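Next come two complexes built around chain A: one with chain B, the other with chain C.
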Partner chain A sequence: MIQTVAELLFQGATLGVLYGMIGAGLALTFGILKVVNLAHGVFITIGAFIAIWLTSLMPTVPLALIIVATTVLCALLGAALQYAVIERAMTFRDPSVPMMVTFGVSVIFTNALAQFAGADLRSLGVGSIAQKSLSVGPFNFGLFPLLTLIFVAVVFIAVDATIRKTRFGREVRALSDRPDIAALMGVRVRLVHAQVAALAAALAGVAGVLLAMRASVSPFSGGENLMIAFEVVVLGRLGSTKGALLAGIFLGIVQIVSLRFDSNAGLLYVHLSFILILVFWAASGKLK
Partner chain B sequence: MTFKYANLLLIIGFGSLSVVSSLLLSSGMLFLLTEVLVIALLAQMWNLLAGYGGMVSLGQQAFVGLGGYGLYVFANHSGLPVWLWIVVVPLMVGVAALPLGMLMFKLKSAYFSVGMWVAAEILAAIVMRTDALGQSGGLVLRPGGESLAGNPERILFAGAGLLLIGTIVGLRVLLNSDLGLALLAMRDGEEAAEAAGVNVRRTNLLIFCIAAAGCAAGGALYYFSTLYIAPTDAFQINWLISMMFVSVIGGVGTLTGPLLGTAVLIAVRETCTSLGLTGGTYWIIMGTIAIATLLILPRGLWPALRSKLHVPKTEKEATIG
Partner chain C sequence: MTTCLEVRNVSMRYDQLLALSDLSLTLNEGQTLALVGANGAGKSTLMRLLCGLLTAEKGEIDVCQKPLALGRPRASASAGLALVPEGRLLFESLSIEENLQIGRSQRGGVWDLAAIYTLFPILKEKRKLPPSALSGGQQQMVAIGRALASNPRILLCDEISLGLSPLVTQEVYGVLKHIREQGTSLIIVDQDVSRVTAFADQVACMFKGRVTLAGSARTVTLKQIKDSYFGLTT
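Showing the complex of A and B:
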């Protein structure tokens, strides 16, 4: 019994940290660019499909290299999109303009991906490491999920350090607080915007690759992923990476536990628990 | 011409046009045109929410699905005529939207948008898992337990035409009333409107419920014409994408814009079909047009066209951009 509970919690947590990563990317663009990027979910799917495509193209290349290549490609795509399209949409006073533009982008990318790769569910094999596990006392932990956990932790620490300690991070924070003054002080606004978009897209892309190793994805998974990212941001109380991580873990555990009892529930209980928390917050006056 | 006579003329003109064409056109054509009218109606509703109410909802497909399923459930299981339910079900959905709106309004701007999408997903998942609603297999329209006799498409088309023109005239009247002024004031600044005595929350809720009822009416009409409903179809995001693209292309915050946008949508779709292009290509083209419109003419085609054609401004408009 206790083994099952521990296993479920472990599975939920390893899924949840990926959700946290998706949410952190969305929070980054929202917090700094002040843009609700509805195309964020599609970057997760694009990341997964780029990795699937690269491995089928070069089956002998090690997985770590594939992940790096995918991350770079996603970052480039994110930066290009920001530079060419979203930046212009941001010049309009109404914040719903960039939001609707990114929604249009997500529709285009989703359908292009479906045309290019087919609408089927796909997944990414991880090889022999999938079977390996680590025993701690009576508990059995999969080696691959453990590695995922460590990897995500490293990514989170790195992102946090980048934002807090580097010159880029200072520019980002300055832009987020007072964009006008930051620009006066010589921050190259468009460049920093593109860099932030690249970082967010890279986070989404990596999370997409890791998600495709756990379960299958289709070109139409972007919407689901966007909703999860959004729930993570709302529950994690916007802007804090730690909040995003905790909210992600919570949603991951809800999903794994609910699937255990109701195998075709999909994300129903994840969405329901999100709405229930909202209702609770609304009733207790926490939402303002 | 005074405002009232213009409205009357619109209703009589377009109403008789849709009645006459319902008698003349083939049933295949009527089926297609009913869908066109439904899309135009849905777009008007989305535009009412986003363009006038400032609420960009990504979950309006929920109400389309509810309208369709409501019609099927009540018509199939009650002895009452299906035509009655096509009127009553949208009203019921409008009322049911009230508590949802009260919750969703706790979420501000973008959170509201995606929150609505989550709500729509939950609803779709619940329908898909409910035995009485046929789960993922869906339902067949059998009013009172019997197959539908005759060809409903003529009445449906005429009904959809009347409903659309009735909606547009209704919105014209609404936007010229105190409520319309309140909405425009809210678009310019909620605090200022509140200070001027507008009850922002109540006005938004009213608009939200009207839009829900309108989308449900569209869903009920459309799924009446198909005689079959399935959750993956009724609750699909494509309903929302059509509403948004049509409004954005034609002009958010105008009443003529969504009609113009619907014309663009149909032109693109029929061109794609005749060229043998896939549905995916159609969505890619529509998305590109929508993004290009937003970036070049953020107010949409109609406001730009109108100033080119020197058509005077006859309707209350909200601004964007």
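Showing the complex of A and C:
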């Protein structure tokens, strides 16, 4: 019994950190730029397809390099999109303008991806490591999920340290608090916005690679990714990357445990638990 | 004496409302200008215009004989203008020390972190705390320190004593005296007219977006200020 529970929790946590990663970029753009980026889901899909494309182009290149290249390409795309499009949309007082613009961007990117890569489901092979496992006493853990867990933990620690300890992070937090006063202090608002968008897109790219290693993706997976990201960001108390990680782990555990009892459930209980928590927060006055 | 700030015929609107009307004033280097006037006279608008948060409909501003690009906060910061805003507006996500560090500029000068801590020793003790852990007076010290960290030529202090007790206000003016002695020019907006005019070298009184009285703080009388304050003179 304990063995089963431990393995379920482990599987839930490994799926959950992926969900946390899916939501982390959206948490950044919402928390700092105050933009609900509806193109975030498609950025995850783009990350997955870039990694798949690079692997097919250079099959001998190590996966670590593929991840780095995907992250850099996604970051550049995110920064360019922010600088050329979203920044202009942000000058409108109405917050729905950037939301509509990013929705338009997601439609364009999804269809462009389908046009160039085809509509088939794809995935990223990780080789023999997928079958390896690690035994600790009576417990048996998959090696690949364990490495994913460690990798995501390192990424989150690095992002958290960047936001808390560096000059860039200081400027980001100041900009999030009071953009006008931050500008008075000499903070380059547009540059920092582009850097934050790059970071968010890079995280989306990493999430895309992890997703493609775990499951199949199609150019139309963006909507499902966005829904997960949205739930993670809301449960993580809007704008907190740490909150997004914890919310992701919670939803991952809910999904794995619910699949144990109902193998056809898919994401049903994940969405249900999200709604129930929102209702509970609303009833107890915690929903702001 | 060298002029460090010259505002010439500046007008500015909020939609239909004329907030500044053909406004002109000058400030000499190392001197303090008391900017007084009733609520809505345009004092804070002028401060926000000077530091680049607003742009003018017409007119020009020179800082140390160089034209200032209006509506660009970074240009104002580079020109040496720094604002202590009304209500302090500190960064709550940053510690006190981070609030002071973010104002640091590349210009260099006497106001490094150590000098600011010498001026406000209490801030050094509480440097790791968030601004919300401080009293109103201590928060005002952080706001002044944050602006000083950019080593400004001209320090703009908007409603400097707002919400502070008389004792803390006295302490704040003591700090401003020390800053002035270091050669920094000051523009101070304060509702405590007697105190600010007694402190300043020059006085400008605003009414409905215009300067209706300007002169030396030594020669302008309180009666003249009062008349100007309520729009009894033009």
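Simple rule for what comes next: the second predicted complex is superposed on the first by the 286 of 288 C-alpha atoms of A that agree within 3 Å, B and C clash if a C-alpha of one lies under 4 Å from a C-alpha of the other, contacts with A are read in each partner's own complex, and residues count from 1 in each chain.
In this text, a residue touches a chain if its C-beta (ideal position, glycine included) is under 8 Å from a C-beta of that chain, and two chains touch if they have at least 3 such contacts.
These numbers come from a predicted model, not from an experiment.
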| item | value |
| --- | --- |
| Touching partner for A:177 - first (chain B), second (chain C), both, neither | second |
| First (chain B), second (chain C), both or neither touched by A:94 | first |
| Chain B versus chain C as contact partner of A:5, first or second or both or neither | neither |
| Touch count on chain A, higher of chain B and chain C | B |
| Partner chain A, residues of chain B touching it in the complex | 50, 54, 56, 58, 103, 106-107, 109-111, 113-115, 117-119, 121-122, 125-126, 129, 237, 241, 244-245, 248, 278, 280-281, 283-284, 286-288, 290-291, 294-295, 298, 320-321 |
| Chain A residues touching chain B - in the complex, by the definition given at the top | 30, 36, 38, 85, 88-89, 92-97, 99-101, 103-105, 107-108, 111-112, 114-115, 223, 226-227, 230-231, 234, 265-268, 271-272, 274-275, 278-279, 281-282, 287 |
| Contact set on chain C toward chain A in their complex | 51-53, 73-74, 76-78, 82-83, 85, 89, 91-94, 98, 101-103, 105, 146, 150 |
| Chain C-touching residues of chain A, taken from the complex the two chains share | 167, 170-171, 173-174, 176-178, 180-188 |
